[in-house]
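The letters A, B and C name the chains in turn, as written, and every chain counts its residues from 1.
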Amino acid sequence: MTGRDVIELSVAGVLVAVAATAHFVSATPVLTFGLAALAIAMLARLVGAATEQLGSRVGSSAAGAIQSALGNLPELFIALFALRKGLTLVVQSALVGSVIANSVFVLGLAFIAGGLRNGRQKFDSPRARLIATLTVLTAAILAVPTLSHAVHTTAASHEKTLSLICAGVLFTLFFLTLPGLLAVRDTFEPEPARWSLQVTVVVLGGAGVGAAFVSDWFVTALKPATEALGMSEIFAGLIVVAIAGNAVENVVGVQLAARNRPDFAISVIVNSALQVGLLLTPVLVFASLFFATSLTLVFPTLLAICLLLAAWILAVVVYDGESTWEEGAILVGFYVVVAASFWWGA
Amino acid sequence: MTGRDVIELSVAGVLVAVAATAHFVSATPVLTFGLAALAIAMLARLVGAATEQLGSRVGSSAAGAIQSALGNLPELFIALFALRKGLTLVVQSALVGSVIANSVFVLGLAFIAGGLRNGRQKFDSPRARLIATLTVLTAAILAVPTLSHAVHTTAASHEKTLSLICAGVLFTLFFLTLPGLLAVRDTFEPEPARWSLQVTVVVLGGAGVGAAFVSDWFVTALKPATEALGMSEIFAGLIVVAIAGNAVENVVGVQLAARNRPDFAISVIVNSALQVGLLLTPVLVFASLFFATSLTLVFPTLLAICLLLAAWILAVVVYDGESTWEEGAILVGFYVVVAASFWWGA
Amino acid sequence: MTGRDVIELSVAGVLVAVAATAHFVSATPVLTFGLAALAIAMLARLVGAATEQLGSRVGSSAAGAIQSALGNLPELFIALFALRKGLTLVVQSALVGSVIANSVFVLGLAFIAGGLRNGRQKFDSPRARLIATLTVLTAAILAVPTLSHAVHTTAASHEKTLSLICAGVLFTLFFLTLPGLLAVRDTFEPEPARWSLQVTVVVLGGAGVGAAFVSDWFVTALKPATEALGMSEIFAGLIVVAIAGNAVENVVGVQLAARNRPDFAISVIVNSALQVGLLLTPVLVFASLFFATSLTLVFPTLLAICLLLAAWILAVVVYDGESTWEEGAILVGFYVVVAASFWWGA
């Protein structure tokens, strides 16, 4: 382990401890909410790092499967606790928010970092384009139940069945496309493992268990905190959960862009969005069958529209074949406006 | 004629005979509906084959014109009989369904067939891209009256006039772009005629007359059959009519992809979608002026949205420049979800 | 000055004089409206020519800034007078209309002119693609408040705040991207100044003052004229103001395409659309704070949808990498259908 790893582990430990304190001494919900969000962000980063270390040991095919299964663990915990509390709107927003945060916000930051450091960046990897194409298709599939509901078709009264069909299609597609997506990794040289297997397993286990606990505190504080802040539940899911649970991990994509490897950066960032759509979403729809409130794919209409806009923008900027920091700035600008339009709780 | 041609002719003959029996002995509507759909699919294939044979005799410029005029004959018959019975919803769905079935479902099958057989396929024909671009533009034009109606603009009370203007523009564009689209054929070497002129004319005439009769039985059985099945009228048009009347003919596109000629495959498949938008649709709008119920281009909102989504997806996958079978699988997955969302009649 | 310049100046002078006469003798509003529209179109062309002359004197970086600031002067005057009269719908339509007119209508004319004269035109400038990408992003940002309002989110009751945030983001993005857009000019060799500095300043001042007066007469006649014609206020803004105030200036883009310089043509035409979105729109939103009626970015829903469709089409045709006159014809066809759908005032 490097010194930096040790620092990250310590920061995570401290953040979890502070969040725990806030939770158990019944600090104001806003404080607990903020601290828990920070702790989750750091734990998500550790889970990501640990699965990557595990990946570099087991060979790249299994690595992809492991990363898909474990990489989304923090988001999965938050979603499960939120479902148990009946906060389906938060879960829906967090799912859509992960796709939007990755394809617009994180990609924008990567373009800015890459552009300021290396000037105009060209990328022409067929892989990057393929992943963008798959994300567009996934977003279109995800949007169908909502669009169907929004225009009051007869399917509107069958939203649960339609959501299950949709989730079934997405889940099947995940298994069909998994080998192809795994192959994506093969095209980039993997880095050798820096951590021993023991350390990796301990960090993964610890961060996973920590994420489970902190997610519980986070979800408990969510409703009173958002009310106190005047923030909508959708904003909490779309922006806070999405960034805490997923996007921070993608700091690695931003770093890759800064190191002038734009093709790899785009693949990593967009792949993450794709996994949320193809794996996490159907898993949660099926899991919700065991809860009192079931999760459907009938999102608030604007969420589905923003998902389609984000996928559209993603395709346009990736197919463009070049990025500049100005393009990154406009991507971030779009994200700011979308976030603003969901801020108000009333 | 090859042995395969004889088999296809025989199958078509048997299917027509069986459908006729079902119709005249008043079998259950569901049975008649299913048999007539199969017979139409086979007749559509024969009409396609015969116009192609005719085309290889008359030189490729006239061939394109003949194919445009005669290739859509089965769909035209169904639409005319349906209009006479006032089933405008079925006609609207069938028109939109042809575009969606070609640009999503048939293209997806072509990518799967091509990908499983030949691995990753590259295509970079400017022609394929041009046809995709024209399809996007046509879909956008077709969607305007519906969108206008859906958001309650003042044009909503002028939907018939707006539809006629729209149809006039599409029809004009068809004649303007016809020479350019004909030239598409020139870039692919035409195959020599396999059938004698006599055989060609007899097959074309026979299949045409057959299609007219079977279309009548199909449309008569449609309403009771869909009610018995719990299927919506939109589903019957969007999926059943679109696949029976049009998409099966495009099996040739799937075969081309399997034979590793992806550029040609895409051109054939998408050109078919384009002709429905630029020719069949305006012709039916004008023809409906002679019927009791007029056909407008104000579709159910979700149909127009799915048309735009399909055109968007088409552009993304064609511009991508590569296809894999995974991409094909996701295209088919999208088609399944769209179909499911239109299934319910109530 | 060339003979052609003198002719243009004289035509503009005569048109202003005739429009003034119509205004002061209280001719029928329809006549005044039409004459003022023609005069504005000609003045807009002169302002464009004069800013270009000024640009070729001051070096290309300052030239871009000057062009951005002064090139939209006629539209700015119309918008300000219309805002003062409370005609916010006209202003909103004119802003959206400028983007649509440039990216669809003028681009279509350029493709037709270029295609008929030079056959299939290839363009592959990364600059053209970058500007198209930025336009897509700008359109997406502009559409968010309207979409948010249309689906009745909680942000609907905060439309003024959301519009100001949106305008702030756009304005910031304008200043961030300005240097990059200026650099666009660098890649094309600038033409030497044809006019002396004195002539340039006099023409610019004269045309600017003229535009201010004529805009006032135009806006005064607008309401009675549109009522007399049965034309909607939206149509007046979307089509008449957009073409008079902006698109005619882009005749230069059409000429460039005819001279077989498609990359430059696309950059000029689309850059103009981009400036309306990034500069003119936020400036007017902020300026409206000083008027009785404030301008929000909550457009009539169909306007925002057409803006997105136009941006989508723009991206598709620019990324295509080739243009033919048939493609141009379909672009114009789309514009005609959009115009028709906004024609009716009731």
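We take it that a contact is a pair of C-beta atoms (placed from the backbone, for glycine too) under 8 Å apart; a residue touches a chain by one contact, two chains touch by 3 or more.
Values in this document were obtained by computation on a predicted structure and should not be read as measured data.
**Student:** If I list every residue number at the interface of subunit A and subunit C, are over half of them used by both copies, so same, or under half, so different?
**Tutor:** Mostly different residues.
**Student:** Give me the superposition rotation angle from subunit B to subunit C, based on Cα atoms, as a multiple of 5 degrees.
**Tutor:** 120
**Student:** Using mean CA coordinates as chain centres, what's the gap between subunit A and subunit C in Å?
**Tutor:** That pair's centroid distance is 39 Å.
**Student:** I need the residues of subunit B touching at least two other chains; which ones are they?
**Tutor:** Within subunit B, the residues that touch at least two other chains are 312, 319.
**Student:** Subunit B touches which residues of subunit C in the complex?
**Tutor:** 120, 150, 232, 300-302, 305-306, 309, 312-313, 316-317, 319-322, 324, 326-327, 329-331, 333-334, 336-338, 340-346
**Student:** Applying the document's contact rule, which stretches of subunit A touch subunit B when the two form their complex?
**Tutor:** Residue list for subunit A touching subunit B: 126, 129-130, 133-134, 136-138, 140-141, 143-145, 147-148, 151, 153-155, 157-158, 162, 165-166, 169-170, 172-173, 176-177, 180, 308, 312, 315, 319.
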